[in-house]
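Below is one structure, written out as structure tokens; the observations come after it.
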Amino acid sequence: MSKGTVVLAYSGGLDTSCILVWLKEQGYDVIAYLANIGQDEDFEAARKKAESLGAKKVFIEDLRSQFVENFIWPAVQANAVYEDRYLMGTAVARPCIARRQVEIARREGAQFVSHGATGKGNDQIRFELTCYALYPEVMIIAPWRIPEFYNRFRGRTDLMEYAQKHGIPVPVTPQAPWSMDANLMHISYESGILENPKSHAPADLYLMTKNPEDSPNEPDVLEIAFKNGVPVRVTNVKENKSEDTPLDIFSYLNEIGGKHGVGRIDIVENRFIGMKSRGIYETPGGTVLLNAHLDIETFTMDKEVRRIKQGLGIRFSELVYNGFWDSPECDFVRHCIAKSQENVEGKVQLSVFKGQVYILGRESPKSLYNEELVSMDVQGNYDPCDASGFIRINAVRLREHHRLQGFSGTKK
Amino acid sequence: MSKGTVVLAYSGGLDTSCILVWLKEQGYDVIAYLANIGQDEDFEAARKKAESLGAKKVFIEDLRSQFVENFIWPAVQANAVYEDRYLMGTAVARPCIARRQVEIARREGAQFVSHGATGKGNDQIRFELTCYALYPEVMIIAPWRIPEFYNRFRGRTDLMEYAQKHGIPVPVTPQAPWSMDANLMHISYESGILENPKSHAPADLYLMTKNPEDSPNEPDVLEIAFKNGVPVRVTNVKENKSEDTPLDIFSYLNEIGGKHGVGRIDIVENRFIGMKSRGIYETPGGTVLLNAHLDIETFTMDKEVRRIKQGLGIRFSELVYNGFWDSPECDFVRHCIAKSQENVEGKVQLSVFKGQVYILGRESPKSLYNEELVSMDVQGNYDPCDASGFIRINAVRLREHHRLQGFSGTKK
Amino acid sequence: MSKGTVVLAYSGGLDTSCILVWLKEQGYDVIAYLANIGQDEDFEAARKKAESLGAKKVFIEDLRSQFVENFIWPAVQANAVYEDRYLMGTAVARPCIARRQVEIARREGAQFVSHGATGKGNDQIRFELTCYALYPEVMIIAPWRIPEFYNRFRGRTDLMEYAQKHGIPVPVTPQAPWSMDANLMHISYESGILENPKSHAPADLYLMTKNPEDSPNEPDVLEIAFKNGVPVRVTNVKENKSEDTPLDIFSYLNEIGGKHGVGRIDIVENRFIGMKSRGIYETPGGTVLLNAHLDIETFTMDKEVRRIKQGLGIRFSELVYNGFWDSPECDFVRHCIAKSQENVEGKVQLSVFKGQVYILGRESPKSLYNEELVSMDVQGNYDPCDASGFIRINAVRLREHHRLQGFSGTKK
Amino acid sequence: MSKGTVVLAYSGGLDTSCILVWLKEQGYDVIAYLANIGQDEDFEAARKKAESLGAKKVFIEDLRSQFVENFIWPAVQANAVYEDRYLMGTAVARPCIARRQVEIARREGAQFVSHGATGKGNDQIRFELTCYALYPEVMIIAPWRIPEFYNRFRGRTDLMEYAQKHGIPVPVTPQAPWSMDANLMHISYESGILENPKSHAPADLYLMTKNPEDSPNEPDVLEIAFKNGVPVRVTNVKENKSEDTPLDIFSYLNEIGGKHGVGRIDIVENRFIGMKSRGIYETPGGTVLLNAHLDIETFTMDKEVRRIKQGLGIRFSELVYNGFWDSPECDFVRHCIAKSQENVEGKVQLSVFKGQVYILGRESPKSLYNEELVSMDVQGNYDPCDASGFIRINAVRLREHHRLQGFSGTKK
């Protein structure tokens, strides 16, 4: 007699394989669900593995295009950066995965969803908030927060032992002394030897980007065309190669960014649950796009709209990092940001070289840049005398303040 | 019969030399004031030139240490960046120069100050707001906003002609086809051929930073020690060389940053007066410091304090860019930011290579980072079950929202 | 030979009558334009007066419905309040007036617009920014900023004398010792004896609201129905009377609010130009609506959307106060706020009595209020244990902070 | 064998009396702690009751002066208002109570604290976050979140029965059909019949304020003197009576505010845990002070400092409402706000009448108000021509925007 059906976010790895078997042991029917969001994985092998472990059904879902269009693109529009540095490749992917998980659960009549995220991290929150938001009655089984699970599996050794006992194929390659999460947007590295914030990351850690010391000695020059604040075409100027679907554009930017070692950061960040953690990230294509988008946006957007939108972008980033992608406030902010992007259109030229992105120039049919107005050589419908009044009126308040300070005898 | 005394912000160049003579022509006594804020200049030659042009007095003031300690350091504490990219080397320098100008004017009994800033730019505002704030009765002569001046001098040719007629030494080297402003913090390039936002900057434009294509193939590794959010020591780890006064620290960071081509940007920005302008900047030492400070700040500062402080830093940047350094609100914001830095203390290791700064590790006696708490391997006074409650309470609102959507029949 | 045509914002009063004649004296053709935005005025008498003074054409425009729908309603949606107290009846009206003025100028081929606003106030800015925004080539004649005008007319006596000389009818009633601006939304009082911020306003100053000491001893009870964040019907519960067009609703709220002395404030505010000024305002209908809208909005809007929207509302208020109604940023903010109002729907019951508005109850088909969930008597799909985890996770950061304080020996 | 010692926040009422006995039943030693924060209570009777129920020790602590000086005053400086209406009398009191509770627990060597707050409310969070922040190792017993407790006591009847069985004195007066929380700052009413958001509150609900229909027909006129943004003296102008210690000032404002029915609100608010709840509050003295402080603050504070401080005040209000009084971010914000109040000094005259507070006038030795500068009758060191330049420069951006719109063919 089954306790019910669980849709498990399955990765194909040791942890979620053990969870699959454990859930069955607990009396659940398990549907294994594996999202292809661009990670390097043998999806067919994973399917067979899940089936062999007793999954009732297995869903392998290619979400790559959706991931780019519905998740990465809004992040690009927002210039989404958490705590001034992190482009949030993981945070952006989680709701994409969880949305489909919930769809499957509803369609298959499953009352439960499950995942292998740990109890100290952000990902548990990101998965679950999307699940609760879109499927409020769902029940969530998070084994790493269930004492009988986490007390039984206190380390990798316990998992290995359990795997061997239950016929779960065990990884043959030795595990890296850190954990890793990969998708189309980035790879993150944390835990293990990286937990000491002082120790340097090993040079061979990075998988998505070349070490800039070994990257080409010649830059690539790209032209990225934007419309509504998202890229619609990327062209390699020298090679005269171009891409124009979202997935192809982003993949190509990853390729070029990765080739030149772009987008590596090593940070300590603040998790939603109030801990500081050390994370190392590589986001090649996203970093190129952030730079290009900042350029075309400021080129085409009104100054004061930009200021307001900048604040919304920061709010968006916090919401996404904390797992609130599927919330009324994030819907609202996304709507407002999308509105702000209506004129963000044009082309940016940039070079990519040795870990850096250099903006070279930009043009737009919708630019508010007025070469004549700003020129030092021509006057261009501008009366410099106006600036005197502008400055003097701005000084009214400052002079009054000084008057008061004199009066009250205080010094600056 | 003199119309009064003017303290002129004198650069030694063609423009302000002509202004000096023109002011005398108009009937003023002129005091020439030249601030040394780290630009590459023959100050003694400039003194002689000003004297020979008829300056009543000449003041050459070495403000470099003040510039670093009282202006650059607060900008570092604030992570001051305008419109997400510009580190504001010019904006930070202007109030430093103007404060001394006002001091001299008061001390010398001058009722007037003058400068050579143009009528379309930000610098006129930055100079004048500080002057009005600290010397409210002062009268300002801005020749580039006086029709009889700017109609007479419509271009460089007019200035050259006037110079020749009045015995003003004329530059022998041909002028670059752009204008430039240099100080200890950065060099900015704008105007001329750069006014076309699409055209690429020439490779030989930059004076403060090496072209990354030609920079060393070996990184330098630095350790920067911070206290109260400002650097107190920089050490070149391999060379075992260190500096520990503000001016020496900043100069050394410029040297290393410049050697590796760090801190070049090409942007279109929004001026305070509402125009978009294209600027190219190189800020080697400032860029290294921004990266290092962001790291140590997030490492040591509480998450929520950081969020509030981030907002204040953005406000600070806008105020400084717009010329309000000497305003009650900027005083207030600086005070708040300084308060936030009390625990920002520790050491950051980083490497500088080919235009990039890579954070390698950090340590602090005041860090809120708790290796045991965050560890994936030990539990560390943390109960994962708590996270379930945390997530479920955060979901209360999201589930209610979903309930309403169902009720009202609307779809996401 | 005419210098061109001016569209003058004409009030019918002494100042703009003199300006009309003076403009003609200066060689302009003058079109008099008088907007009816609900002020108490004999519009036909004003038309005749303008014609008799030599206006080429006279336009009397009834903008009352537009004023309510396109200007007051967005302010209601925004909970627009400047500096926590002022509902901005004047600021909201100015762009309404100026938009039509610009339309007339374009249609009539006039290159000039003119107004009688003073040189120290906000209204000049509000008029002119809308004019420049919608008719960038327009030239503006602001006599109170033209030395030959304001030096000639140094006070009311000079205007009276000029009027008598030029056959301008002179007001027979003595002028109040303050100035006043009235429209459908409010009356403002300032200047004259009110300039002393310490002196109390005379009891007979107010024209739109009863003195609460003399107002009825029985409250009126109203029910206001909202849709999309704006009122769609008001009902007087006891009298069973209701109104349902925007103009009628707002007029009725003015009537009831005025009868009970609602909406009087006496404040010192900060003008855009940096001066503090003392203003006294009465905004009866607007005050009732602000209270009702705050209630229904919080009842129906998600908590976090509300927080973001609150910030946008403050920004909107500053923009409107400063005269930027017709700016890209105000367009943007209005769009975002309107989006936030999609579910702001329902009915609010309130009583109006002796200067106060008391909310009594509310209901909505779109409320996020869940009586069962919040009940102290039933559990309602809520597990109180979750709160323990929620609190403990929120405390993680606070406990870490305490740890650091102990470590560093500092005390709170 | 005792399980340890618990310091219980004891109110003297039925709930916490039952909790006291229940905790003993569970094996704890119980210290009863009752804070006097101005509620109407027979403290000696409560002491005897606690002793008779078996409390090991009883602490009755008069925190009224501390409550005013350390909690209400900072809220006054911040203009603390939650969601635009609620003055947070409960939220401000909780950390005051919890701080002493923690002090007692530390001093008495108690490892546990306990309280009678429910599992759906904000107060549990406010109590516990302060406890965890100041005593990180403390363990908290919240019976209303413990299944064996809340399943046993499902309603008042269960508590009454338990009381009778254990010799706990049972209230003889019938309970009001709502719950209530009172302190020096306010009384709140919620739950029971108030849970229906549409139903009107009964007229006899309010205990702290007169019904305005029955309040005096003559206003009282007060003058409140401020220094550093807090009141230092209140004077009843007609009666020539004054108070000048914090507790006396606040108590007197409560008396006068209460006499005239000031400070009643009926709202639906968003709890931290994401529910909407209906609350009715009366805050007489706090409402008078909020009005007076807003007046003197705007009178004396620079416009732009005020804008930044307004944002900090909103953040402060959210933090306090959510229970983060004792957090690093709230410390930081309080520090910044206190800094902003250094010049907030002067006297405000106001009248209190029929539920309203009317500001009448104000004066200050530190005002930035400049009567001559703002006067319509004298020019006062202000050149109206400057305003033309100011406006035209502000319009640069708006005209450019219009140019673009024309270009792209879009219409507003």
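As written, the chains take the letters A, B, C and D, and residue 1 is the first residue of each chain.
The definition used in the following text is that a residue touches a chain if its C-beta (ideal position, glycine included) is under 8 Å from a C-beta of that chain, and two chains touch if they have at least 3 such contacts.
These numbers come from a predicted model, not from an experiment.
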| item | value |
| --- | --- |
| Each chain counted as touching chain C and chain D at once | A, B |
| Contact-richer chain pair (by C-beta pairs counted) among B-C and A-B | A-B |
| Option reproducing the contacts of C-D, where over half of them reappear, out of A-D, A-C or A-B | A-B |
| Chain B-chain D separation of Cα centroids, rounded to whole Å | 43 |
| Chain B and chain C, separation of their C-alpha mean positions in angstrom | 40 |
| CA centroid of chain A to CA centroid of chain B, Å | 31 |
| Per-residue overlap in chain C, given as positions that touch at least 2 other chains | 273-275, 302-304, 307, 311, 324, 327-328, 367-368, 370, 373, 382, 385, 387-388, 390, 392-398, 400-401, 403 |
| Chain C contact footprint on chain A (complex, rising order) | 273-275, 302, 304-305, 307-309, 311-312, 315, 324, 327-329, 332-333, 335-336, 339-340, 393-398, 400 |
| Complex interface listing, chain C residues touching chain D | 79, 83-85, 118-120, 124-125, 128-129, 132-134, 136, 142, 144-145, 147, 150, 155, 179, 191-192, 195-201, 212-213, 217, 219, 264-271, 273-278, 294-295, 298-299, 303, 306-307, 310-311, 314, 318, 323-324, 326-328, 331, 349, 353-356, 358-363, 367-371, 373-377, 382, 384-385, 387-388, 390-392, 394-395, 397-399, 401-403, 412 |
| Residues of chain A touching chain D in the complex | 302-304, 343, 365-368, 370, 373, 382-383, 385-390, 392-394, 396-397, 400-401, 403-404, 407-408 |
